[in-house]
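Each chain gets a letter, A, B, C and D, in the order it is written, and its residues are counted from 1.
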Amino acid sequence: MRFFSDNAAPVCPQVLDAIARANTLDTAYDGDRWSAQLDGVFSDLFERAVRVLWVPSGTSANCLALAALCPPYGGVVCHREAHIQNDEAGAPAFYTHGATLILGEGPGAKLTPDAIRAAVAGIRADVHQVQPHAVSITNATEYGLSYTPEEVAAIGDLCRTRGWGLHMDGARFANAVARLGCSPAELTWRSGVDILSFGATKNGGALCDAIVVFNPEIVDGLAVQLRRAGQVWSKMRFASAQLLAYVENGLWLRMAHESNAVAARIAAGLAGIPGVSLIAPVEANELFVEAEPATLDALAADGFLFYRRSPTLGRFVCRFDCADTEAEALVAALRRHAPAPAQAAQ
Amino acid sequence: MRFFSDNAAPVCPQVLDAIARANTLDTAYDGDRWSAQLDGVFSDLFERAVRVLWVPSGTSANCLALAALCPPYGGVVCHREAHIQNDEAGAPAFYTHGATLILGEGPGAKLTPDAIRAAVAGIRADVHQVQPHAVSITNATEYGLSYTPEEVAAIGDLCRTRGWGLHMDGARFANAVARLGCSPAELTWRSGVDILSFGATKNGGALCDAIVVFNPEIVDGLAVQLRRAGQVWSKMRFASAQLLAYVENGLWLRMAHESNAVAARIAAGLAGIPGVSLIAPVEANELFVEAEPATLDALAADGFLFYRRSPTLGRFVCRFDCADTEAEALVAALRRHAPAPAQAAQ
Amino acid sequence: MRFFSDNAAPVCPQVLDAIARANTLDTAYDGDRWSAQLDGVFSDLFERAVRVLWVPSGTSANCLALAALCPPYGGVVCHREAHIQNDEAGAPAFYTHGATLILGEGPGAKLTPDAIRAAVAGIRADVHQVQPHAVSITNATEYGLSYTPEEVAAIGDLCRTRGWGLHMDGARFANAVARLGCSPAELTWRSGVDILSFGATKNGGALCDAIVVFNPEIVDGLAVQLRRAGQVWSKMRFASAQLLAYVENGLWLRMAHESNAVAARIAAGLAGIPGVSLIAPVEANELFVEAEPATLDALAADGFLFYRRSPTLGRFVCRFDCADTEAEALVAALRRHAPAPAQAAQ
Amino acid sequence: MRFFSDNAAPVCPQVLDAIARANTLDTAYDGDRWSAQLDGVFSDLFERAVRVLWVPSGTSANCLALAALCPPYGGVVCHREAHIQNDEAGAPAFYTHGATLILGEGPGAKLTPDAIRAAVAGIRADVHQVQPHAVSITNATEYGLSYTPEEVAAIGDLCRTRGWGLHMDGARFANAVARLGCSPAELTWRSGVDILSFGATKNGGALCDAIVVFNPEIVDGLAVQLRRAGQVWSKMRFASAQLLAYVENGLWLRMAHESNAVAARIAAGLAGIPGVSLIAPVEANELFVEAEPATLDALAADGFLFYRRSPTLGRFVCRFDCADTEAEALVAALRRHAPAPAQAAQ
């Protein structure tokens, strides 16, 4: 009954096996046979030539990507609730050498062209104020919404018009693709995305995420920057093998379907429970549940693990290996602890 | 017959098993049961309270350590042949925000108090020149020498006198300890070391090295900096489990003894081969072999993999799993390809 | 009739004369007789031993000061309307190597202990979020309010309790001191300020502002950082002479009294003009005048220069050499262009 | 009898007058009538459209220029004796966010294409070593040599071939141009220079040097970076007026001719004095005099000020306002204190 984080999940057997199978005598850094396959496998997946880099965390992926799109003196528009703004310890400024995050607004941590325009509207075009150079969106968002290809493309168009780069934080990219049923290409470069943080860890991976680079102009500097950041493993094959296993035969999407499905089942179960509501539609594997403090307290007392964002708001994240019984138990517990209808109506 | 790098070796079975055994439902980041043991296990190993941080590479370890000892405007004395100077892509300047490496000289990539004093002798104590704030030594060195505890302590004394910090790059720390037969404590904090890059990858590890912090004053900032560098894995237990397995029951030292022994056997075998010589004593698992170009060419043609530093200099690194037959084959091949005595005497 | 900026004013004759009088053969950098007097003169002015550094701009002063108080991975609490946040081109991140500004709220660009506590209330004490290390306040504020010594001391107490540093951006420090009638000491170190950006340029100076350091622990690194930022003039005496002349015999306060007095006269004149109001009390040399767009348009058409922050908000800054006739002309013009009472009442 | 530094000289009257004449009511930052003339005046001087930025010091000029040519992860080739390497407190790493200086060799602090090729010859073209992106040369050099246009062009050709930028540190650019009798254009952009640090302070200026940008692609980012570094003066007209006066009617070259002529006179006077020699030809306004310690001691005891680089090496810098009598006195004193011929012959 762990809904605290998808990072609490185990690694899927295929990824773990891949690590074990890579355990042969080979060569240092990325000269091995697994690393050599990465660009090809991801180019197939994304239906165009891409370059793939590996990183130990989503923060590395995001911030190396931002550094590739924005000079030290520039700004990146992101949502006020973006992970890069709130949960990466200032890493964007470290990797970009001081670039500024320019914060936009919008429900469910989702940006729109209008929200982006509003965020930059007050910036004078002079040397005294930081000018925007890029936009970063998170798909699925920090509140579990998924941008559709059309929504991404609208932002992509704005970026192209302004000469800005477009980054997508895809810590839960698999969940968005699984939800939307579109192709990875449609959701990224066909909609104007220059560079993607391609998450694996939260969705059954182990110790390795990836950066997928669509814009060939930025990739060489990025690869050097990756090395300069100390993130080229000496035994790269153990990382590359993880990524290959993760995307082989659609495994990554099957796992995302699983966690999405559990979240949808819980969302359906919550409907109609008095005094319990979702603050955003469930479009990936996360639920943000608003309820009275006593209700959430009782859940915690029952042993459910979840992130308590405020006394009345709990975040519940569904793992790829979440059992139906866990979902059912959560719904049952919420129903059990919800206030009596009369009380809830107050 | 791979002597190119110890990174080419497989992961030892114990570390690989530890990854598999960590594959349970637990919690995100470093809240898990494996990560919780790190400080204790390493405190036992080093015979005092230490803090341990994990990193994906030796470069990360080194450069986070330097940033903990040196302000952005300061300098770090290291050997001209140091890995941080030559092979880390400028990472020291990235992590320290621009600190300067001040280069010292000495045979076998080894610094001495005199060499350090010489390196800083010309620095005027004014604001126009970068002032030293720390020293970084590599043990075993980049040419395979091992600093003894006495040699480290002499440098430690100098550092204490000048108010500098002392970092040890221990990418091959295990090989030095195994060679010297001293305790890890003697070779580090008892000799004045503030912080140690504790390598595992080159000695049977997989995707994780460590930083061991002896100086409690610098550890809090360092832990934040680690997160800001995107190097806190979301599923830390898979990294922590590697480190625990690596040091359990002396495994790390046993593996280092193995690779050292192979190197010693090859060194013994080379003695007396005409036209073939070692440029430095073999005090760890590396050999730097000087020979005529034709000799080294012939070795390569035979399929031996090694790093050709120059036409007449080859680096041979022994893996923890190096077989006796590999050592014997190398010696035999060198003897076979060495010039005839008359020719060599020219 | 220039109310656009106090930077539009000439240099006061005493400062200009000082530059000319410094024009003798002396020595390079800060070894000259003028620079040698700086610490002593400012120590007298602030009634304790201080160290004074010179800078070409208020931005340099502010950002070097922030870098002295906050590590690259830390945060500085400032007001959302602070100059360091809005008008310094991201310089805080450049000088601090990436520290984060944490934004507080409050009328008139003024922080209070409660506002500061509110700004940091949501920050979890973990490694994923940037932790505050310092507070920066602007006195007089960006909206022309002056913090009293008591108000500063309340913030100073909070900082001491939390272990944070306290910086004061004193681009218009002279105006605040002149307004309050307190001593420079009371408004700074006696109230807990560690470091002060001491403005001169806006108040009759030429090309040089100063940093006054009360906390001796941070001054050595700061002096090195100043040199590293390329801001040690080769002929320092021409800068030091400006600062000495500026504070000699209370000149700096006399000039601030002048500009404050003009602002007060205009404020008094505005009272009772229908449809024209001040959005903040006038406590220094700036007025923020709210009026109908047509009124402000008409002023501009009359040749008054001022900064139009929005269609209905104009900023009017009084220079130290502002003539009474300029003030009278402004009031008369506002009265002339104000809407008829009936219209204004709508 | 001050030969310690050209920074010890006064400001020439024309520059001082220009500051005084700029003292009118105008506008803030660089919107004034003097700043508006800068690009035009320097474009005339350099015979093509250039952009000019102002800085408080040569260090700022150099390091902003390097940052415009080299990414944070790149390297800049310069001479081991370059000012940027030895006397700028690590400012290159601050402004470039960590770029590396790659050191070349050559007599008189002068680089050649061969010296540059030798400096980079050992750099492997992989991600583990810092790759060169630019070259920086100093003209006149740190040992008082002047690069001819042909010598600069040879380096410029190499840079173009390799895709590197070329920076010229012209702290004593005036002295080089005056010596060579060439045009400023010939010595810079016509020979492949992308960006020039144009010194004024050492040659009769006051508080302001300049950056002249020939490559239009790098200028916009550089102007923003200048502001971000806090080096846009609020009353820019007092800086711009200095630069305009400095170059008006060839004043800058006349002053450089003066100081060069004094240096040449001293050099001629030294010829034939036993035991006294120049370590480099005198091609600008500096002399590097090798003599016995007793000789240099005696000079110092006589009250001559000079920079003692070692017991047997003194640097003597001639100011633009150096009197003939000073030159004669120096030669006479050297002759007086030189060892008797027999002694010198030992």
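Convention: contacts are C-beta pairs under 8 Å (C-beta built on N, C-alpha and C of every residue); 3 or more make two chains touch, one makes a residue touch a chain.
Small disclaimer: the values here were computed from a predicted structure and weren't measured.
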Reference chain C; chain at largest CA-centroid distance: B
Pair of chains joined by more contacts [C-beta pairs], B-D or B-C: B-D
Distance from the mean Cα position of chain D to that of chain C, given in whole angstrom: 35
Chain B and chain D, separation of their C-alpha mean positions in angstrom: 42
Rounded Å distance, chain B centre to chain C centre (Cα mean): 51
Where chain A touches two or more other chains at once, by residue number: 72-73, 88-90, 94, 97-98, 127-128, 224, 227-228, 232
Residues of chain D that touch chain C when the two form their complex: 2, 4-5, 7-11, 16, 19-20, 23-29, 55-63, 88-91, 94-95, 201-202, 205-208, 224, 227-235, 238-239, 305, 319, 321
Touching residues on chain C, where the partner in the complex is chain B: 71-73, 97-98, 127-128, 131, 221, 223-228, 232
Chain C contact footprint on chain A (complex, rising order): 72-73, 75, 86-90, 93-94, 97-100, 127-130
